[in-house]
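Each in structure tokens, the structures are laid out below.
Next come two complexes built around subunit A: one with subunit B, the other with subunit C.
Right, the complex of A and B next:
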């Protein structure tokens, strides 16, 4: 994989981020309701509202506002929250570790479980193990994440007292306690994604096994682990990687509810409150943050895709 | 037959009468257990492949050619079961052999090439690694030695710039090159036999000729016995010493190529030959065979060609045994009894 390709993908990601920045910026200006009035309060006099408007820079031309705002963003300044006297960037960075921890743990669990179960089922089509995986996968997709989270918490935390029910401990302070806290919500969040990945992996393995090149490899004397490792898995992984990329986005959406159930104040809780409070600068910050994470995930997925698929590599 | 001059290198090899066949298929019967069920999808198929000679397995699509060749490799698709007969490959009974024995035969004793070179090559592996794979699997060579040998083999099958091409992926090569890669991979361990399932069907006509020339060349060098599955009569005439004609899972005729082309002894073969345009004979009327091959699951009893045959009578619904004139076999009882002499119509 060439460096130019990585650079090109990175540049494409930056373009996406720039478009997102324009859209989030405009969103706050175009949305119904007046931010200046929101900040000043319902009872404020028109003079006060105008003063707030000038203070927030909302009386400037749109382009000037955008450039000023973008300049701040590039220096890590996302402005002040409209509803509390705290900088947006700092608030998000405080809430991010909990959310990202759950998401990351969920992603790792989902990939490991989903790929393993799917590949085994695909290689043993029609056997009991294939049926068990298919049934569990359907179940996993059907069960809502928040319900699974409550179920897991009530079993492992309330009944068995194996893991804490709520709260969060930073990784940097105590990795063991961190894992105890994120394991249950991570597992709850992972279940549906693991199920999707398992289904895709099973299907891809089954498809690849029917490919003529697998017959060629068999006709050459390849069998067992040589056949699976060299000819099946790499080819089957191509559509699975696509699904993992798509699912990563779902995880970032699903984590909002799961972290609430697990009693963590993460990004999701923050975003939800910001929306309800019409805290526009906070919403902007959240959208930008989510966009950066998504672009990052897509970059990794793209590079993984190119690594396994020589046809894409050339393009 | 050994003196036949149909052109092509295959026929140039003289055959001693006591040469042991590299492949011997006897009364092979295969059932299809899927839907719709077809018992005896392939029935009582018999033929030999001698070292250094080519046998064509010919017939329309769906007549059981490919199934028969896959049975030789012990790679029958799901729901296909061998119901009877024997396949002896280099002294080993394939149908009784363990999976381990079969694995050792595949790629070592018999190499295989298939119709679509593009889909028959692993798209995510450099072609050199695919060619070298059989070397380290069967001969215990190191990966490095196998890779070096792969370059040699690519050179042998006529691919220029072999060292660079060995690192290419299949999609970076043309169809003809891909088939050369398949051939290189099939002969990597210098097998005694090559199984070629429609190896030129997907290729341009000029490329077809190159590939056939390469196969003839390799056959002479390595003394390969080749089972050539095809529906192309032109390829048969040019390349193969013997022909096995299949129709709906039956061997309807088996003969030396020249004898078969000169005087077909089964109405199906006669009709098939009549449906091929003759070079140099302008404005001949091509005959077609009315109807189509019955779908599996609906094979008629007795002679399976009966519904389409111009000479069919009531006794054709009885099981056919046929007979041989020298080594020219026909399944048709009427022809064997001398009641009927099929004429090739052109």
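Right, the complex of A and C next:
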């Protein structure tokens, strides 16, 4: 994998982020209400409202406002929240660990469970294992993640008292307690994604097994684990990696609601409050944050894809 | 590969007259569809929901809003099959009434996505050029955001509520419908019959309606069916956090929010609404998957 390729992918990601930044900036201007009045308060005199407007730079032309905001964003400054006297960037970074922990645990669980189940089903097509995996996958895709979280918490936390029902413990303080807190919501969020990955993995293993080169390899005497590792898994992994990338958005959206069920005040809680308060700097910051995480995940997925598939390395 | 023209009859092989209609891809697909027990069960369940959506007020065992504070959290019984909630309301009646929202909400979302995505996709696939480039970049940018995050930002503009939140979800879904329809339109626009239509002076409107639309209908139908299920999940999630359906209305998602509030007094109150959601989404998915398979089989036939 060449360095120029990494640089090129990074540049493409930055272009997407720039489009998102323009889109977000224009979109939040559509939020009804006067942000200057929101900040100044309901009882403020017209003079005070105008002073706040000038202070926020809202009396400037739109382009000037955008460039000022973008300049701030590039330095890690997302502005101040309209409803609390705190910087948006700092608020988001404080809430992020809980949300990202659930997402990460879900991603790892989904890939491990989904790939294992899918590959086993694909190699044993038509057996009872295949039917069980396919049925569970079809069911898993249909279940709302936050509902699964409610069920898991009521069974494993409230009935059996095996794991804590709500709350969060930072990884840096106590990794074991961190895992106890994020395991149930992570597993609930992972279910649908694991099911999607399992379906894709089963399908691509089945497709690869029908390829002439697998027949050739078999004819040459390759069998068992060598055949599976060298010929089947490597080729079947390409569509699976694509699905993992597509699922990133599903995980980052679903976690908003799952974290509420798990009683963690993360990014989702923050975003919900911002939407209800029409705190447009916070919404702006949240959307941009979500885009950065998405582009980051997709960059990793993209590079994994290039690494596995030499055919697209040159492209 | 058009579903409108009669299937070509190979001259070197005599074909019985009665066998002719069966060779149309659409008929082959339809026959395969009605031979699938899973698809028929899914269709039957959705038909039941449609019936409840229209007739729930006539068939519910109890008034879904009638409170009976003496009989709260009763649990399943002969009188109340799914028990009662925190106000002693009959859960089964409330669930039957909410079937309407379970169908209407996804329809609003998918309808919005179709209004934005389909015409843009048809033009982009047919004319390519600047429309295609701009729409494509925009779709990329929208898809680089989690759909639910984008929907929440749009709800900040439109305000919470069932219709507003489902329009927001529809805007977030538009790119995925755009991509599927654009791909099909692009492939169709390269067919010879499209070239012939253009060369004899067909207007763009006629090309789209008569030639393009029937040929992209199949993949579009599959995507719309799948999106219905995804939209219902989005509705449930947004209603759960209070941005979707507003009281006094309730959906299965908002019933889950009630169950969450009362989880210590009634730990299994979440089972019924969640199961109804999962079953409905399952039916949309089974329907979509079967349609995809039978359409592919119809084309091969």
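Operating definition for what follows: the second predicted complex is superposed on the first by the 306 of 315 C-alpha atoms of A that agree within 3 Å, B and C clash if a C-alpha of one lies under 4 Å from a C-alpha of the other, contacts with A are read in each partner's own complex, and residues count from 1 in each chain.
We take it that contacts are C-beta pairs under 8 Å (C-beta built on N, C-alpha and C of every residue); 3 or more make two chains touch, one makes a residue touch a chain.
Bear in mind that the values here come from a model prediction, so they are computed numbers and not experimental data.
Peer 1: Once subunit A from each complex is brought into register, does subunit C clash with subunit B or fit beside it?
Peer 2: They fit side by side.
Peer 1: I'd like to know which partner A:84 touches here: subunit B for first, subunit C for second, both or neither.
Peer 2: Touch status of A:84: no partner.
Peer 1: In the superposed arrangement, does A:231 touch subunit B (first), subunit C (second), both or neither?
Peer 2: first
Peer 1: Which of the two partners, first being subunit B and second being subunit C, lies in contact with A:127: first, second, both, or neither?
Peer 2: Touch partners of A:127: none, neither subunit B nor subunit C.
Peer 1: Report for A:215: first if it touches subunit B alone, second if subunit C alone, otherwise both or neither.
Peer 2: Only subunit B; A:215 stays clear of subunit C.
Peer 1: Just checking: does A:308 make contact with subunit B only, subunit C only, both, or neither of them? Give me first, second, both or neither.
Peer 2: first
Peer 1: Determine how wide the angle is at the CA centre of subunit A between the CA centres of subunit C and subunit B, giving a multiple of 10 degrees.
Peer 2: It is 70 degrees after superposition, to the nearest 10.
Peer 1: Just subunit B (first), just subunit C (second), both, or neither: which does A:254 touch?
Peer 2: So A:254 only meets subunit C here.
Peer 1: Between subunit B and subunit C, which makes contact with more of the residues in subunit A?
Peer 2: Higher number of touched subunit A residues: C.
Peer 1: Of all C-alpha distances between subunit B and subunit C after superposition, which is the least, in Å?
Peer 2: Here the least C-alpha separation of subunit B and subunit C stands at 7 Å.
Peer 1: Do subunit B and subunit C touch any of the same residues on subunit A, and if so, which?
Peer 2: none
Peer 1: Show me the residue ranges of subunit B that touch subunit A in the complex, using the header's touch definition.
Peer 2: It is residues 73, 75, 99, 103-108, 111-112, 114, 116, 119-125, 130, 133-134, 137-138, 169, 171-172, 182, 185-186, 188, 195 of subunit B that touch subunit A.
Peer 1: So in the complex, the part of subunit A that touches subunit C is made up of which residues?
Peer 2: Against subunit C, the touching part of subunit A is residues 16-17, 19-20, 23-24, 27-28, 30-32, 138-139, 141-144, 146-147, 150-151, 154, 158-159, 248-254, 256-257, 260-261, 268, 271-272, 274-276, 278, 280, 283, 286-287, 290-291, 294-295, 298.
Peer 1: Show which residues of subunit A lie in contact with subunit B when the two form their complex.
Peer 2: Contact set of subunit A toward subunit B: 211-213, 215-223, 226, 230-231, 234-235, 238, 308-311, 314.
Peer 1: Can you list the residues on subunit C that touch subunit A in the complex?
Peer 2: Those residues of subunit C that touch subunit A are 137-138, 140-150, 152-157, 159-160, 229, 233, 236-237, 240-243, 253, 256, 259-260, 263-264, 267-268, 270-271, 274, 277-279, 281-282, 285-286.
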